[in-house]
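As structure tokens, here come the structures.
Each of the next two complexes has subunit A plus one other chain: subunit B in the first, subunit C in the second.
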Partner chain A sequence: MGTLMASTEESSVVATTSLPIEHRFSPYDFNGGTVAAVSGPDYVVVAADTRLSSGYEIKSRNVTKLHALTDKCILASAGCKTDVDQLRSVLDIRGKMYQYNHRKPMNTPSVAQMLSVTLYGKRFFPYYAFNVLAGIDAQGVGAVYSYDAIGSFERTQYSAAGSGQAYVIPFLDNVIGNRNRLEEKPILTATEVVELLKDAFLSAGERDIYTGDQVEIMVVTRDGIQTQTFALKAD
Partner chain B sequence: MTAGSQMNANNLHEPAAGFDFSNYLRNQNLLQTDGAAPKLKAKKTGTTIVGTVYAGGVVLGADTRATNDTEVAERNCEKIHYIAPNMYCCGAGTAADTENTTALISRQLELLRMDTARPSRLVTAVTLLKRMLFRYQGHVSAALVLGGCDLQGPHIYQIYPHGSTAKLPYTSMGSGSLAAMAVLESSWQENMTEDMAVQLVQRAIGAGIFNDLGSGSNCDICIIKTDGTVDYRRNAVKPNELAPLRAQVQRSGRLNMRPGLTPIIKSEFKPHPVVAAGGETAMEVE
Partner chain C sequence: MSMFGMEPLVIGDDILDIGSRKAVDRYCGNKAQIGLSQDLLMGRPGAFDVPNVKDPALYCSSHFRSTCGTGDAGQEIKFAKGTTTLAFKFNGGIIVSVDSRATQGNYISSQTVKKVIEMNPYLLGTMAGGAADCSYWERRLNLQCRMYELRNGRRITVAAASKLLAGTMASYRGYGLSMGTMITGWDETGPQLYYVDDDGTRLKGKMFSVGSGSTFAYGVLDNYYREDLTLEEAIDLGKRAIYHATHRDAASGGINNLYHVTKDGWVKIHAIDVNDMHYEFEEEKRNEMSS
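So, the complex of A and B:
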């Protein structure tokens, strides 16, 4: 007749299932990879691995994460490949329009601002792209800009982004940023920086499952862009 | 009074049998707090393991990468566990679960061998494992490939975390199992020689190492023959050596940390007080 059953002391606690879950389609996929850039007095070095992954699978061992927006400026992006591709398209179009209107290509600080504005334009459905912009600025000095997904940016001497970011940045902090070292901060040549980035990516490849296969390294100087590749482990 | 426990005669709380779920709500809350989730993650192995029967016994194979989500926690761990002198077990899933489950059943079998004065049989190991795993309803995340030879011949079994088992001529488990199975399905044949079987297992594990991101580094092999001998080949194949790649980099002297480079912020020396009973210094020799 509706009497309440007193729960006995011996009743075991059964794991309660959680509340009803609404299943939604996620428009984002993380395609992995690491990018890094280091600037110097008259050069900038950008490096990115060439592995494209999805979940636990490798989709391709040879896809570039670097994209030259002008002959002095390179955009390196990790994240969702389709968003990265679309972002590159949009930036290319806007860069072309600038060139037609001003009769000259955009300089690097202007590209940096344009990228920030483009990213914030999709503040409420962001580009899943972790960007590092590297180029030679109007004074001929190397410039690196690091971004978050919605356009907050800062000019820095060096930067890294992507799945292996946590393995590369502390290393660069020590060697490029001279942190925790009692000596004069040295001025490194582009060749030395290239070798340091190769080492950094080898280490990142050891511990990050999404980083590997190959590193593509571009050196930008006032004379143009030179590219080289370096093999990483394929496992 | 914590749920699931009872008072005994000495007024001490005895834990109830099976799993204690009293931390469930606390864990759910923790997962909602920012930054606390990593504390609750168990290390998974993200693995490729295979086993196959051949004319003279069984061959087991495993990769050697252990991952914590997407970070490689260990580059050269051992995934082929000893169960008995004539039985080894490959484990995929949560590392702590596979290690402790195989160790537990291994020790139970040793006691049984002392009791029965006979070598262990695979069906015994399989039954002990599946009974335990079913009791834990899949919460013990151990997916195993058990292989060995007993008086009835060579056998391979696969055991799932929820407690189901299958007896098969060849099998693969773990995140790289599809890559490995692709190789096994295309090349496996009955009554292989030892060399053929070892080559097949190495190729299957290699497929997992290179095509599955959860597997990597080296390949371990274990051959258990019907005559009772065991050939445990740790790192039988090492296709991912780092040294040749590092050698190609012209390492800058900048990387070297010489003595004197690290800043010393504060330096303090406190001698450790030595007081013997009776007040004499302990260094006095009588």
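So, the complex of A and C:
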């Protein structure tokens, strides 16, 4: 494609090459952060830290990773902020169109499927967004869906995504999923789950450089969404 | 309808057509109407966005692979991958047996993935390779099968269904899709089993195993397979083959989901954790050794 010719005026050391020069197309940046969600019989709790990083820098300590798509359904996304913002816009528009056409908001399992096809629509140039969808389904039961970057999804009882995923999930596996425990699996209330998630994020914040500053926690029940924040270490 | 692009923007009922077929028709039908129609498109419906590079296929197949093993080690984004699946035909129908682990790089993203995709009551598809690729295209196949049924008044054959999928895969060849699936069902020609690949390969056969643990499963299957297995023996074989694959392949594990395809459709036989199977087989070995 291009050739660099040595300048004849100056005796500069410039390589002469007839090979193509590749300018790497690298459109992604990883902005870090962790999100997690736990569902219960009539509630779902979503939590996300509020730190935005780029490389070794913290760009902001107060950026939300949670986005309410309907009044019963929240999308929590970690990854590349610009892709997350675009994904939210696209989902909002599609959600609105559904509402105008059907005279009711989308229910959570439908949002889950829509998110999956929206992500797959960019299979060949993915949204760098690791999503967890949390909401109340049509029967009033809490639902959590975990996704990979191109839309493979599964309904689970709990999930986590982002840079601190590997610190949070084993903890949730043990306490929420009752793995490797001999006692009977307890039925937890929303308040207990909130405390557990705070513990999970405290631990993740200790060991993951991209997680910290603050945790935003939302509890979704049939009556709506309640938000609270919890401070983490700022280091 | 007014000629858009010549007049000021009028919000009419066409705003509801955003992203729909009508928007496509307006875009393709009359280029003069592009002014507004382009806003309605939201990308090109029915087409995938590709990166703005000289050779998108090469870029995608080198940066966005969901390939087996550590093939995606250098990638920024790792996708969920599915692993050991198997299916075989015998005199009593078809047994489909799969594991349930999904990995993203070295991380186990799920131990409860449904790798048998229940497309409809008489067609099953399995998932191996890229999880999103398999579930998206098999869901698409389901839609195509249903349209066939509605248009033709009868069920689609397994041969035709697998051919639709193979054709789709062939048209995306070179873009880095990863899908190794088995399409199986019972149609008017009897029980059928087809293997369909992400490069468009389509093979009819009696026994297939797909995924990173397939070699281990083949070892067990080839050893004990007979056409005249009874149903219990066939279920046991399917169970054992998956157990041995999960035992030796790091990327396979979780729960063994086993299905039986009969004349009246498929039936889910069991969902057993492979860890429990380990202790069951160990005890069996101990009893055999001592007798």
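Side notes on the structure shown:
In this text, the second predicted complex is superposed on the first by the 211 of 235 C-alpha atoms of A that agree within 3 Å, B and C clash if a C-alpha of one lies under 4 Å from a C-alpha of the other, contacts with A are read in each partner's own complex, and residues count from 1 in each chain.
By our rule, a contact is a pair of C-beta atoms (placed from the backbone, for glycine too) under 8 Å apart; a residue touches a chain by one contact, two chains touch by 3 or more.
Because the structure is predicted, anything quoted here is derived from the model rather than measured.
Applying the stated contact rule after C-alpha superposition, one finds that A:93 touches subunit C and leaves subunit B untouched.
In the superposition on chain A, A:101 makes contact with subunit C only, not with subunit B. In the superposition on chain A, contact is made by A:154 with subunit C only, not with subunit B. By the touch criterion stated above, A:207 is placed in contact with subunit B alone, subunit C being left untouched.
In the overlay built on the shared chain, the residue A:126 is in contact with subunit C alone; subunit B does not reach it. Once chain A of one complex is fitted onto chain A of the other, the partner contacts of A:199 are limited to subunit B, with no touch recorded for subunit C.
On subunit A, the surface touched by subunit B in one complex and the surface touched by subunit C in the other have no residue in common.
Within the complex formed with subunit A, the subunit C residues making contact are 16, 18-19, 42-43, 48-53, 56, 59-60, 64, 66, 76-80, 102, 104, 107, 109-110, 112-114, 130-133, 135-136, 175-177. If you check the complex, the residues on subunit A that touch subunit C are 25, 27-28, 30, 90, 93-94, 97, 100-101, 116-117, 119-126, 128, 146, 148-154, 156, 165-166. Across the interface of their complex, subunit A is touched by residues 1, 3-4, 6, 16, 21-22, 24, 28, 46, 65, 67, 70-72, 75, 175, 209-217, 239-240, 242, 245-246, 248-252, 254-255, 257, 260-263 of subunit B. The residues of subunit A lying in touch with subunit B in their complex are 9-10, 12-16, 18, 53, 55-58, 163, 175, 180-183, 186, 188, 192, 195-196, 198-199, 202, 206-210, 230-235.
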